[in-house]
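In the two complexes below, chain A is the common chain; its partner is chain B in one and chain C in the other.
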Partner chain A sequence: MHIVDGALSGPVLISGAVLAVLGVGIGLKKLDAERLPQVGVLSAAFFVASYIHLPLGFSSVHLILNGLIGLALGWVAFPALLIALLLQAVFFGFGGFSVLGVNTLNIALPAVLVFYLCRRGITAYSDRTAAIWGGIGGGGSVALTTVMVAGSLALSGQAFWAAAQITLIAHIPVILVEAFVTGSAVLLLRKVKPEFLQLSETWQEQRYG
Partner chain B sequence: MVNRFIYCFCAFIISISSGAYAHNVIGGVYAIGNQVEGEVGFSNGDMAKAGTLVQVENGNGERLGETQIGDDGMFFFTASKAEDHYFVVDMSSGHIARLHLPADEITLPEQTGSAGSVVSRVDIPSATPALTAQQIEQAVARQIKPLRQELAAYQAKANLQNVLGGIGYIFGICGLGIWWQNRQQKKAHMTNSHFQITTSHLKNTIKEHSGDECLKP
Partner chain C sequence: MPKALEHSATSWKGQALKHNRSILDRLDPRLRLLFTSVFALLVVAANSLGVLLVCLATALTFALLAKLNLRRTLRRVLAMDLFVIFLLFMLPFTTEGTPLFEVAGFVASVEGVQHALFIGLKANSTLLCLLALIGTLSASTLGHALAYLKVPEKLVHLLLFTVRYLDVIGQEYKRMRRAMQARAFVMRANRHTWRAIGYLIGMLLVRSLERSERINNAMKCRGFTGQFYLLDNLRLTRIDYLFAIFSCGYLGALIGAILL
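Right after this comes the complex of A and B.
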């Protein structure tokens, strides 16, 4: 998921950085001080997730979690993911500093889109519907990210379709695992800790009386 | 039913995850005389695909030539100039390895000497076979190759300290944010109460002086 230093052209790097700064700005504006600890926990979860490789067949996958982060945080996903990506670059050497903006945009923008697309779904009355929408959000955000990664590479001169196909096919297992995990997480959070998903008290009363 | 679904799900995932993606690109490049040998792969142990193009440039971006990845992610190149060599391997999907070989590691064979340039010294007894410098370098390189591979893999591997350090940083940044927010709130509270004190003080003063002659109409 992380594009490395040197793979992208200058204009792509600069426009990525500008858009990421805009996103982070909106996120910081929308950031509610009381939710800061939650933002930190999700940022840490993203940071660690890419370190834990789960063996799967001949290869290994790791969770990306940007769907879940988007559903819980909305625009605040931008600053949360920026910090996690920065630390991944420092500690693990994933990605790099010049591509930090593009990487943040590629991972955080799908998270925000998922927030707007699946938000209504996960507040649905039925648990099953909510879990399915959570799954769509989890898998969809990873799929969107792969398309954006392929897009960034295409804008820098690589053939878009070839790159998009390769990354998308390679990430099918991740998309499925992510959909499964996010769907289950939504289901659990709705029951145990609805405020984690910013579900209001009126919703809780309506849902559980 | 649920079990069967999960079973199918896992089987499906295992069947399609053929190891096409990984995270970090690692590689190394070494010179034996003017014979350059390098290898490229991913941090999870997969090597670059055979047939991948390796472009060779100098420090100014001028092309010096090209070669291809062979078996096990290895590639070979014969240097013809003693200058900085950069080996750029594009393994698609944004995985680009750029390996640097400094100029001083390349020793071109002497032009005047015969091919192979045998270092047959007079004082060596003829019983021991004369070794060329190149042969010695090759032998040493072969011996330390596993070490180099292990070292590269070790360097690419993130360790537990790094993970814990990163989490610590994230929580630290959150702590800073919360501290800052608290400070802002306190400040707002202070100015607010200060304002209340001044207004109440003003009211009292007005009351005290309401009996004064000069204030009467």
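Right after this comes the complex of A and C.
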């Protein structure tokens, strides 16, 4: 999912970086000092969760979880994901330096969109509906990320179109797995710790008595 | 993909990861950050083989000077190069231009081969420089250096918090996985696995959130007002000035070579 240095064209890199800076700016504005430890610990948890490898066919996939991050953090997903990508680039050599902006945008923007589109869905009365909305959020955000990665490649030159198409096709199974995992995680969080999804206690009492 | 090539199969060891002390450790972290950023931008902007080869040679020199762990570095470079190799096979055939050779009716072009080669050189140069100059910093030093370079305070705090708790949360995750193993859970490609992993992640987040509440209380109790004080005062020494002069000359020459 990460693009390496040198592959993308200048305009794509620059516009990606500008938009990512905007997103991180909004995220930082919405993040008050009170919540710093919480977001820091959560972004560590997401970092850890993203190195869970699930077997799939001959290979294995690792989770991105940007849907769940978006549902939990909203705009703050931008700075949290920037930190995660920076740490990955610097200490694992995964991704790159000049593409940090594009990569952040590609992963964090879908997270923010999911926050706005699926937040109502996961507060639904029925568990089943909520899990399905969680699944839509989880799968949808990865699908969107894939489309954006393919788009950044395709915008960088016609020669990348085939690579972009392969990226799209290769990620279909990942989207499915991600949808199931996020749906179940939402289901559990609703029951165990609704305030995680910014659901109030009155909601919990009404729902689970 | 074989396990050994997956970066993320290795868990975060962060500051516990040892590296050999080298001459580069005597350089100021801010200078290392600045140099790497400018270097990476120039490498990406470069568009001639000669310049890129010089950049790769520079990055290799830094990697040698930094005494990087050979196996670890090779594993990371290989993991990234899988993507580059994939492009290397694709690009010659998808770029139009002077034909070079033909495989099963598909024509490979000179321009495509050159493009793929450039991407490979750029990606490897930046990666090696990044690993040698910044990857050898401890994560908290990196945070402090960023703070001195006027990166927004909240972002730096977030970085420091994340790094501090990566290890703790990693341990928590391992504990939960051990508990699942003890109950004979085996990962397969089915819905049961995905549901179980979803619950695992949910539970990991719940525990993390509760931990963060305890942390927040403990920090408030000690008078935390949303401000970290940077206790180390970084000071430039003679070797830093030497490095600064060298990098100005080197990067200037690089800019000149790219513009010409």
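Here are some notes:
One rule holds for everything that comes next: the second predicted complex is superposed on the first by the 184 of 209 C-alpha atoms of A that agree within 3 Å, B and C clash if a C-alpha of one lies under 4 Å from a C-alpha of the other, contacts with A are read in each partner's own complex, and residues count from 1 in each chain.
By definition in this document, a contact is a pair of C-beta atoms (placed from the backbone, for glycine too) under 8 Å apart; a residue touches a chain by one contact, two chains touch by 3 or more.
Predicted, not measured: the structure shown is a model, and the values here were computed from it.
Touch criterion met: A:A7 reaches chain B and chain C at once. Contact with chain C, but none with chain B, is seen for A:L68 once the two complexes are overlaid on the shared chain. Of the two partner chains placed by the overlay, only chain B lies in contact with A:H171; chain C stays clear of it. In the superposed model, A:F91 lies in contact with both chain B and chain C. In the superposition on chain A, A:V48 makes contact with both chain B and chain C. After overlaying the two complexes on the shared chain, residue contacts for A:V181 are found with chain C alone; chain B is out of touch.
In the superposition on chain A, A:V18 makes contact with neither chain B nor chain C. Within the superposed three-chain arrangement, the count of touched residues of chain A is higher for C, of the candidates chain B and chain C. Residues 4, 6-7, 33, 36-37, 39-40, 43-44, 47-48, 50-51, 53, 56-57, 59-60, 83-84, 87-88, 90-94, 158, 162-163, 166, 177, 180 of chain A lie at the contact with chain B in one complex and at the contact with chain C in the other.
Interface of chain A with chain B (complex): residues 2-4, 6-8, 33, 36-37, 39-40, 43-44, 47-48, 50-51, 53, 56-61, 83-84, 87-88, 90-94, 149-150, 152-153, 158, 162-163, 166-167, 169-173, 176-177, 180. Looking at the complex, you find that chain B touches chain A at residues 9, 12-25, 44, 92-96, 98, 156, 158, 162-163, 165-167, 169-171, 173-174, 177-178, 181. Taken in their complex, chain A has these residues touching chain C: 4-7, 10, 13, 24, 28, 31-34, 36-45, 47-57, 59-60, 62-63, 65, 68, 72, 79-80, 82-84, 86-94, 96-98, 158-163, 166, 177, 180-189, 192-193, 196. By the touch criterion given at the top, residues 1, 6-12, 14, 36-37, 40-41, 43-45, 73, 76-77, 79-80, 83-84, 86-87, 90-91, 93-95, 112, 115, 118-123, 126-127, 130-131, 134-135, 139, 142, 152, 154-155, 157-166, 168-170, 173, 187-189, 191, 193-206, 208-213, 215-216, 219, 225-227 of chain C touch chain A in their complex.
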